[in-house]
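Below, chain A partners chain B and then partners chain C, in two separate complexes.
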Partner chain A sequence: MRGLEVHFPIRKGVLLERPVGAVRAVDGVDLDVERGTTFGLVGESGCGKSTLGRAILRLVEPTAGTVRFDGIDVASLRPEPLRRLRARMQMVFQDPLSSLDPRQNVESILVEPLRTHRVATGKDARRRARELLDVVGLPAAAAARYPHEFSGGQRQRIGIARALALNPELIVADEPVSALDVSIQAQVVNLLEELQKEFGLTYLVIAHDLAVVRHISETIGVMYLGRIVEQAPSDELYATPRHPYTIALMSAVPIPDPEVEDRRERILLRGDLPSPANPPSGCRFHTRCPFRQPTRCHDEDPALRELGPGHAVACHWAEQVATGEIRPHPTAVPS
Partner chain B sequence: MSIAESEARLLSTEHTGDIAGSRMREAFRQLRRNPVAILGAALITLFVVVAVFAPWLAPHSPTAGDLSQITLSHVPGPSAEHPLGLDTQGRDELSRIIYGARASLLIGVVSLSLGALVGMLIGALAGGLGGWVDSLLMRLMDIMLAVPGLLFAIAVAAVLQPSLRSVMIAIAVVNVPVFARLLRASMIGQRHSDYVLAARSIGVRRWRIIVGHVLPNSLAPVIVQGTLSLATAIIDAAGLAFLGLGSADPSVPEWGRMLADTQQYLQSAPQLALFPGLAIVVSVLGFNLLGDALREALDPKLRR
Partner chain C sequence: MVLLSVEDLHVTFSHRGRRELRAVDGVSFQVEPGATVGLVGESGCGKSVTSLAIMGLLPPRGAHVKGAVRFDGEDLLQLPPAQLRALRGRELAMVFQDPQTSLNPVLTIGRQVTEVLERHRGLRGDEAKREAAALLDRVGIPDAGRRLKDYPHQLSGGMRQRVMIAIALACKPRLLIADEPTTALDVTIQAQILELLKELVADTGTALVMITHDLGVVAGLCDEVHVMYSGRIVESADRRGLFGAPRHPYTTGLLASVPRLDSPRGVPLRPIPGSPRDTLAWAEGCAFAPRCTRRVEACTTTAPDLVVDAVTRHPVRCYNPWPPGGEPVATSERKKRLT
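After this line comes the complex of A and B, so read on.
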């Protein structure tokens, strides 16, 4: 995926709408997801991570850029080939109830993708539906029930079963567990991992929960206001975050060791996410950055540059921040 | 995965009963427990039974009258022979009320079905396709809605030949924009839901998503509106008949016309205004009560 941009036009006018601006939900994102691996995408609400996920599947139209899936340019595919390609890339949604049609029973939900792509019909499709239920750990008796009769975790299993129905290669999971109870989250995450091993799936997991993403991802990208600000192998990102935004995010995670926890320095971010319709000049994070330096952060947009193998950061001062040469401003509150 | 297993066990023990426990069934159960719904349904049943079995229920002919007893200052009131008395043409009032239910029911059902069908077609097109089709159709509906309903119906009925059919067409036309807007709004609400996105991500074709997912999930408010609109249709039919825009044949009993016919006799025979008025109120009340109860049952947000 290269230079992906999704801008939503802001329109005004009663009869003849004219664009007066654009919400830059996703603004120039490059990322590569390797087959059979999991890429985790984190960022706060409204940073564009869901839009990015949907743009990759072309559920929203990208304004610019290319998405390559197995060499096929998804972004410029015509409707019918795109429809056929959809069998190979699927999505798991955040809210499992609202993503299931309340008037369809589970069997009908699972049979629909099979019928749509003429993979199986009639008895074969129904048998396949029961297989799918078994794969996600639901009893065959669930087939005749309706989504509202299930618990949150069970519904998400149904959603995952539907995504698996067509034997896809890529699954984009948009906050797959954030609507679930913590006790159920682990089960669903484990299920996703098992399925990956079993079917060789490639995942793009979108989440705001750092722990979930860390658990299942090989590589993690941190998004801020439509851009990727840092990308690194999972463990490295957690051990040595480089971008001030990532550092601030990590400092919010409690450490399960009381002594370390007591010494933990928390960096609080002030204010809200700026409007993506009118992003700040220079570095997009400079309005909230605790390590902000005069003029350059304000004037110059930092490029995503590689600091180590597979570790890229979009910050002018990443090295100085890492060595402690630049200390956070007093907005940081020691705990 | 032991928790999954226990979940599975829960599943199989919890709902061992019937499997088609859909939302409709749940709504129906709600309705049965609601006294308002029972009353509404009872009134509607009474109304329908009276209309259907009018020839067996009416004690006299609704059209044959005896003018000899009628003067401007005296219309015979209730008696053993005529429980509700005679009308201004010497006809049995009770029989005319009973037969009047037929006109009301016929007009209500036919005009509503016609109006709802055309309205839903327009609404489905607008809500399903969006874009300029939506804008064009909805501006048309706005124009129709800008004129008060009964006034619009009067205009339509006046242009056509006076007949029951004209009344039905007039009321149907009035109902078109109501249903069009309602279904469109409901469909647009559904169109942006996650399950539509899910269907798209599976690769389901657009028309299939609209017909198979969006439309069935958009119908609940339309069903409620249908019940409520039936009440309005009955009132509108009575209103048109009152204004002389009803059936061309004055001997056909219609509640609205019966009200109109008694205007000069209001002093001497006020009961003649009371009975058709009561008949209208009771039938309309039935549909309104059931409509409200239906809305409550189908929209969980309104439940206490």
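After this line comes the complex of A and C, so read on.
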């Protein structure tokens, strides 16, 4: 992905609609996902992470920039080649109940992509459906049942089976576990990991839960208001976060261990996410940044620059924050 | 002196022609004044129904509540509605998960705060407005005086939750029940709200019952924790006891299945098999038995009682609990990485 932008026009007027502005959901993102690895995209609601995932599959049309999948420019494909390419990239959605047709039984749900892409029909397709159920750990008897008869975790397994039907190479998973109960989340996370090993899948996992993303991803990109503000190998991001937003985000995630909770330094962000229709000038994070400096932050847009191998940060002061030369404003650190 | 004492609380729902549903099945716990108590569990474990029963907010038809809820020694379940209404909002208050649906969309937030002040503190007019502005300011709403005229939809989720907290704390209640108050919010906003709750509870001496599915939230906040599964408390301990030496297989299972931000990559998660839905058919025995790895024969015939454990001295409802430290949950390796 290079310079990817997705803007949604804001229209006004009743009969004669005219654009009055744009929501810059994704605003200039460069991102590479290596084959066979998992890239995790984290950020809070409204940061553009889901739109980015959809833009990769061209479920929303990018406004600018390119998406290359295996060297093919997805953004410029004509409808028929695009349809064929989509067989190689699939999506798993957050809410399995609303992404599975309630009036189709499981077999029909799994056979549909095989038919649409003319991979298999009739008996072959039904055999493949049974196979898929087995792969995701559901009994063959599930084929005749309907989505509402399953629990949340089982439904997500059906969604994953459907995504696997065409032997895709890339799976974009948008919040695959956040709708599930805690004790079930781990089952689905483990299943995703097993499937990756077995089929050599490449994942782009989009989630707001940093702990889940850190668990399954090799590389993590942190998004804020349509931009990637930091990107690093998973363990490195946790050990040495460099962007103030990443630092604050990590310190906000509660850890189920009182010993740790009592010792951690928590950095609180002030206020809410600004509107992506009217992002702040300069660094987009400067309005909430606990490390904000009087110069550069409010008038100069920081570029994503490499600090170490594979570790890129979009902050003017990342080095000074790292060395402790710049400390967070005292109001941001509760006693 | 105990502030709130829930004694053997049972809540069943019946619906014409259907089997009775036991939502809460013999729950007892106590809250000391100023203490913070957590009720933890997954969806359907009865934690929210417990809180609604305490507040007397369950529908009179369909829900059958048994047991006792003593607040300051008085059984709220036996109180006439008018007396309960006078207590509710003044002495006991509640904050819900979704501020969007619990605020009135057609009233300004100022009106919604002054309503409580008029009803319970007898303030009127400008006096009430001034107090409302002060309350909103206290919960961290910038420019509170002007915000009084705003409607809920004009505020963000985090701000709406602050308004809910302001309303709940308007009368300095002695008990605040917060039902998943941060679940609908982003993590950075969640951190703000939890910090605010912590501060307010410390300042006002209000006791807090925190209902959540998030063990992380409990670990940082609660003095005492009760883990619930399928309508029953399965383990109770202070937070250090619970996270340091969890005994019940459900507690350890939960801890082992949640990915932690501070655990290294590549350590596989150990999920609890099955799903909470698998429990219904086993109402006679231990509800967790179908998913339990330490199940023994007795588990499927009669449900175990909540027994105070000889070693850790906290109550556990299990025939075959893990020995303390038996299930490696917070391993020393993890601890080392953190320091």
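Assume the second predicted complex is superposed on the first by the 325 of 335 C-alpha atoms of A that agree within 3 Å, B and C clash if a C-alpha of one lies under 4 Å from a C-alpha of the other, contacts with A are read in each partner's own complex, and residues count from 1 in each chain.
The rule is short, and it goes like this: a residue touches a chain if its C-beta (ideal position, glycine included) is under 8 Å from a C-beta of that chain, and two chains touch if they have at least 3 such contacts.
On a predicted model such as this, the values are computed, not experimentally measured, just so you know.
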Chain B versus chain C as contact partner of A:Ser45, first or second or both or neither: second
Contacts of A:Ser234 with chain B and chain C, given as first, second, both or neither: second
Which superposed partner A:Leu100 touches (first chain B, second chain C, both, neither): first
Chain B versus chain C as contact partner of A:Gly137, first or second or both or neither: first
Touched partner set for A:Gln187, first chain B, second chain C, both or neither: both
First (chain B), second (chain C), both or neither touched by A:Gln90: first
Contacts of A:Thr116 with chain B and chain C, given as first, second, both or neither: first
Chain B versus chain C as contact partner of A:Gly152, first or second or both or neither: second
Doubly contacted chain A residues - partners chain C and chain B: 151, 153-154, 187, 190
In the complex, chain B residues that touch chain A: 1, 3-5, 7-8, 11-12, 15, 19-23, 193-195, 197-205, 208, 213, 216-217
Chain A residues touching chain B - in the complex, by the definition given at the top: 54, 57, 59, 83-84, 86-87, 90-91, 93-95, 98-105, 112-113, 116-117, 137-139, 141-142, 144-146, 148-151, 153-154, 159, 162, 166, 187, 190-191
Residue numbers on chain A that touch chain C, as the complex places them: 44-45, 151-154, 181-187, 189-190, 193, 208, 210-212, 214-215, 234-235, 238, 248-262, 266, 268-269, 271-273, 334
Sites on chain C touched by chain A in the complex: 42-43, 142, 156, 158-159, 186-192, 194-195, 199, 213-220, 239-240, 243-244, 253-255, 257-265, 268-273, 275-277, 330, 335, 338
